[in-house]
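Input: structures, listed below.
Okay, so subunit A shows up in both of these, paired with subunit B first and subunit C after.
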Partner chain A sequence: MTSTVTPAAATASASAGAGAPRRRRRPRGTWLLLLAPVLAFDAVLFLTPLGKLVAASTHDHAYQRVLKDPLVSRSLLNTFEISALSTLATVVLGYLLAVVIWRRGPLARVILFALVLLPFWTGVLVKNFAWAVLLQDNGLVNTALQGLGVTDAPLALLHDRFAVVLGMVHYLLPYAVFPIFAALAAIDDRLELAARSLGAGEASIFRRIILPLTVPGVSAAGLLVFIISTGFFITPVVLGGPGDMMIANQIDFYARQLTDFAGASALALLLTVIVSVLVAIYQRILRAGGEYEAG
Partner chain B sequence: MTTTTTQQTSASAPHEERRGAIELRGVRKMYGNIAAVDDLDLSVEPGEFVTLLGPSGSGKTTTMMMVAGFEELTSGTVLIDGEPVDRLPPKDRNLGVVFQSYALFPHMSAAENVGFPLRMRGVQRGERRGRAEEALARVGLAGLGDRRPRQMSGGQQQRVALARALVFNPAALLLDEPMAALDKRLREQMQDEVKTLQQSLGISVLFVTHDQDEAMSMSDRIVVMRDGRIVQEGAPEDVYAHPRTDWVANFLGDTNLLPCTVLERKDGEAVVDLGAWGVGRVRDRGAKGDAYAVSIRPEHLRFVDADRCENRGSGRVLSSTGLGATIRHRLHVGGQDVVMRELGTGSRATGGLDSEVTVGWSPEEAQLLVLEP
Partner chain C sequence: MRPARPRHVSSLIASVPVFVFLVVPTLIVLPVAFTGSRYITFPPQQLSTEAVTGFFRDQAWMSALSASLQAAGVAVVIAVLLGGTAAVALHGRTFPGKAAITGLLLAPMIVPAVVLALAFYQFFISVGMVGTVLPIGLAHAVLAVPYAFLTVRASLAGLNPALVRSASSLGAGAFSVMRFVYLPVIRPGLVAGALFAFSVSIDETVIALFLQSPNATTLPVKMFTDIQYNLTPKIAVSSAMLVTVATLGLLVQVCFTIRRRSVARLLPLTAPEQTG
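Now for the complex of A and B:
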């Protein structure tokens, strides 16, 4: 994040540094003891099943089988298409929303944040079915369109990719708003005043100052939203059609319809590896672009 | 108080055009029912260095922000080179502003920062780079154009901010406590450099500070502000030597205030009764009020022989502290504690603590002023 070191913060850390050697030394290994509950929890509930998953995926030439399945490559492609589209839409809308909140006074901020958080605390199933109700043939949207004379017959809004992306964006928006808002809030107000005094209008201030300074926040939001997107399961089922199956649905299909646990495990690991690689590449690009942060 | 005032006349370097006049007429700024700035009249002549001096909350920064166009006026008008600018947005006022925090763009190099106002004015890349380097060289940062602000020291950052505010030939320069974040030594160096730069460019400066030393050493004219109003203005040495009120005398350096009753006022001199200090003659600027006092700066008190000085008081020494170039005596004279500053390392006139002393002053160095209620 772009934070300027204030003199107060500098003094605070300096005095903390001066105080540090006086601190009583704890016996070595205490930190391990403190971490023990978390490590135990992770070992039992995360690492063990993950190990089993890896083991299971090595049976019956699961990888070869899965990779040859045309449905798998289709759902993988779907996953990345839908995730990319949802991420783009979420980040753009999230940016606009964050800017609106940032520009408001303290009271309006609280209210707007509450409005952002309300859907955040609502279950994904509830939100998806709400959209299904709104978008169905005799739903609110179609009734309104016909009532206004825009269309004669109901539009097929449900069970296609548009509905899936809509449902996902609705769910993902808070994940984009918060990191972007944090980046905006970290900008020193005086930069804008300085830019104004130097001859910059609104558009220049946004393009040359605000936007470049929020790149780290936008990147963080994009990464977070994309990773969450790749794991969507309910939304394609409720709002999508047969052609909108994502990788999680495919895993479910392998596990429950085909009872092919080796294949399901292989698919899960495949997704994990692909997303990890993408994240690594993305962060490499980010670091190259935003080196001023580190300086 | 250091009285190493560099004497400058307001008509500095003869420059091609006489521009950069700033004028405020009846300017008022209300926040709710509170007047942050109240009925202010102020003018900065072309090429003049004017300092708004006051404690925090005195309205000096608000005044500057109104000139820059960041704050709207509740009433009154601001003119730049004779033209009212109240309807002009900050970007069209053509004023160079340097903020206390410098407000450098962290994602741009020093050269890009300095080039920013040129870019906003449509100057092409090549020329921009050249002019930015030129401006950086002028503030002593030649060759550092590729550094990011974060890779520079506070002093260097300030120079970048200064170069950025000057590169587009603004009508005037507005400086809002630009030295506040620097340590003492660097601050004094920057004060000299800014003053030299200002004189060589012949640019008008409106400078905001709460630091009286800074105001004394840099300004052609000091405008002392308190509670949104101007309490006194004039050349630094004049304001220092002739404070109108006890508040100004205390704010601008140390002083001894001796309450008095005025017996006679005539031709810039007054005869006052100082009680235990006797009756004496002091300078008088004709300030009117309910209560009066005489201000005598610590450096203007001297040890004297009891019968050789017209204005004097007798008492004893409470403490003497050597400060290197000067000695600071605390004395109890005529029923009140006074401070006296004596030049030199070894005191000539005191016989040590509690010794009897007589101190005096000359009428030219004591000022009659109004005690504020």
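Now for the complex of A and C:
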């Protein structure tokens, strides 16, 4: 937590108040009164809907049913493959960006961070739309490929797994840059200076000092990116084909196409459990690293 | 700071395509919004403001814009009020169960959007709240409260709780403490929280898709539906508006970061939306 009362400060203020003739202390219950609205709000609009979801999933042997559905196993496999591939690419590219930002001076850092943050503030639909425009048959990418003579006819770049992974890496990249940057920023400058003065070259400094020290940051980044990947819904629809449906799309299919709410709820809980386990591991890594608080 | 270090030109050069990859697709929607033809080409063949004026004359797009703004308004007001009061209530206090309460307050951030969408869908049908923007706004408020809570909590980090007790012991009532001790400190946190809440709501698609009705179709939902049929310049106009909002949010964030000289403090808060 951010701050705690120091015992000394607490006694000081208590004794200061004791001697005062007119004590109008802050009523004891004020903070409970301040906390009550948000707790009531979350109880009604967050916990109750989730409770209903859990209840719905217990009907009609939903779990047995969805786990036997070949479409579900297919979408689970897709989710794992697409997420793993996107995570790998995102972490590699994110590491490069983080290192470059870390090597710059304060002003350049702010500018480069702003470049990373702009897509961060932009919603997924804007980005997916942009990729659809770039990758369509008469889009910039195909025009460039034809101009370079790589291909005669436009390539079908849209509505396949390549487009989904591309769109996801683009969306996820900022999420990888920040934890890796935090890990780099925590490295003691003197380690590098010492290594250099002992004759180490750039490559061996990177391999033997920087890379090992950023392993916790990289694993945190990878896990965070993987967690976010597993919940993707919009990108597989906009940029993917029928064979690229992920688990979130399967939940949507059960709920809005089959109107099988028990099955949809069971799948949703399955996804929630998977994500919660990954989040628990993520927070453990962060606590071990001690650098970057999850919030 | 780092005098003896080489400039690392090779990694800088290698990173240029990655930065282009990161930034350019977000920005191309701006010229595309000014495409003259009915179907999108990039780069545009001829420039015109036809799509922009067409967008603002289009009944369906205007109703989507209005639905989005209404939902965002509900989300911002609730998130700032509830997130702000929660952060003040928990500031400087230790009690058993604090971790659990904080966990509950932050929990909406980690539940996948599609799970929340399904839960809200069933919940709002069961209580008979369908066909308006209000359920979308309330659902977005659930998502946005953690962001406002975190930004206000971050702004309180520098406030010594003993200051509050001093004010009380000098005779300040609960209202005065709020007005003169807490409010000046948390004001930047409230502004940032409002900004995050707005950004979360205006970009959120999955929940709004599940809760949509003919009278309550938000901008991203309309875009999502239209993209699956045709890439039209009006989608680009809508995207350009969202990019403009994003840029404003970014500028405010950069100003905050520069003023506080701390990139680290805003790091955990840099994710206005987490579902793709």
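In this text, the second predicted complex is superposed on the first by the 234 of 295 C-alpha atoms of A that agree within 3 Å, B and C clash if a C-alpha of one lies under 4 Å from a C-alpha of the other, contacts with A are read in each partner's own complex, and residues count from 1 in each chain.
To be clear about the criterion, contacts are C-beta pairs under 8 Å (C-beta built on N, C-alpha and C of every residue); 3 or more make two chains touch, one makes a residue touch a chain.
Bear in mind that the values here come from a model prediction, so they are computed numbers and not experimental data.
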item: Which of subunit B and subunit C A:Ala132 touches, first, second, both or neither; value: second
item: Residue contacts with subunit A in the superposition, subunit B compared against subunit C; value: C
item: Partner chain in contact with A:Leu191 - subunit B first, subunit C second, else both or neither; value: first
item: Touching partner for A:Leu50 - first (subunit B), second (subunit C), both, neither; value: second
item: Which of subunit B and subunit C A:Val275 touches, first, second, both or neither; value: second
item: Partner chain in contact with A:Gly201 - subunit B first, subunit C second, else both or neither; value: first
item: Which superposed partner A:Leu213 touches (first subunit B, second subunit C, both, neither); value: first
item: Intersection of the subunit A residues that touch subunit B with those that touch subunit C; value: 2, 4, 193, 196, 292, 295
item: Partner subunit A, residues of subunit B touching it in the complex; value: 68-70, 89-97, 99, 101, 103-107, 116-117, 119-121, 148, 150-151, 164-165, 168, 181
item: Footprint of subunit A on subunit C - complex, ascending; value: 1-2, 4-8, 11-12, 14-15, 18-19, 21-23, 25-26, 28-29, 32, 40-43, 78, 81-83, 85-86, 88-94, 98, 101-102, 104-116, 118-123, 126, 138-139, 141-142, 145-146, 149-150, 153-154, 156-157, 159-162, 164-166, 168-169, 171-174, 177, 199, 202-206, 210, 220, 223-224, 227-228, 231, 235-236, 239, 242-243, 245-247, 249-250, 253-254, 257-258, 263-264, 267-276
item: Interfacial residue positions of subunit A with respect to subunit B in the complex; value: 2, 4, 7, 188, 190-191, 193-201, 204, 208-209, 212-213, 292, 295
item: For the subunit A and subunit C complex, residues of the former touching the latter; value: 1-6, 9-10, 12-14, 16-17, 20, 22-27, 30-32, 34-35, 37-39, 41-42, 45-50, 52-53, 56, 93, 96-97, 99-100, 103, 105, 109-110, 112-134, 136, 138-140, 167-168, 170-175, 178, 182, 185, 189, 192-193, 196, 202, 227-228, 230-235, 237-238, 248, 251-252, 255-256, 261, 264-265, 268-269, 271-272, 275-276, 279, 292-295
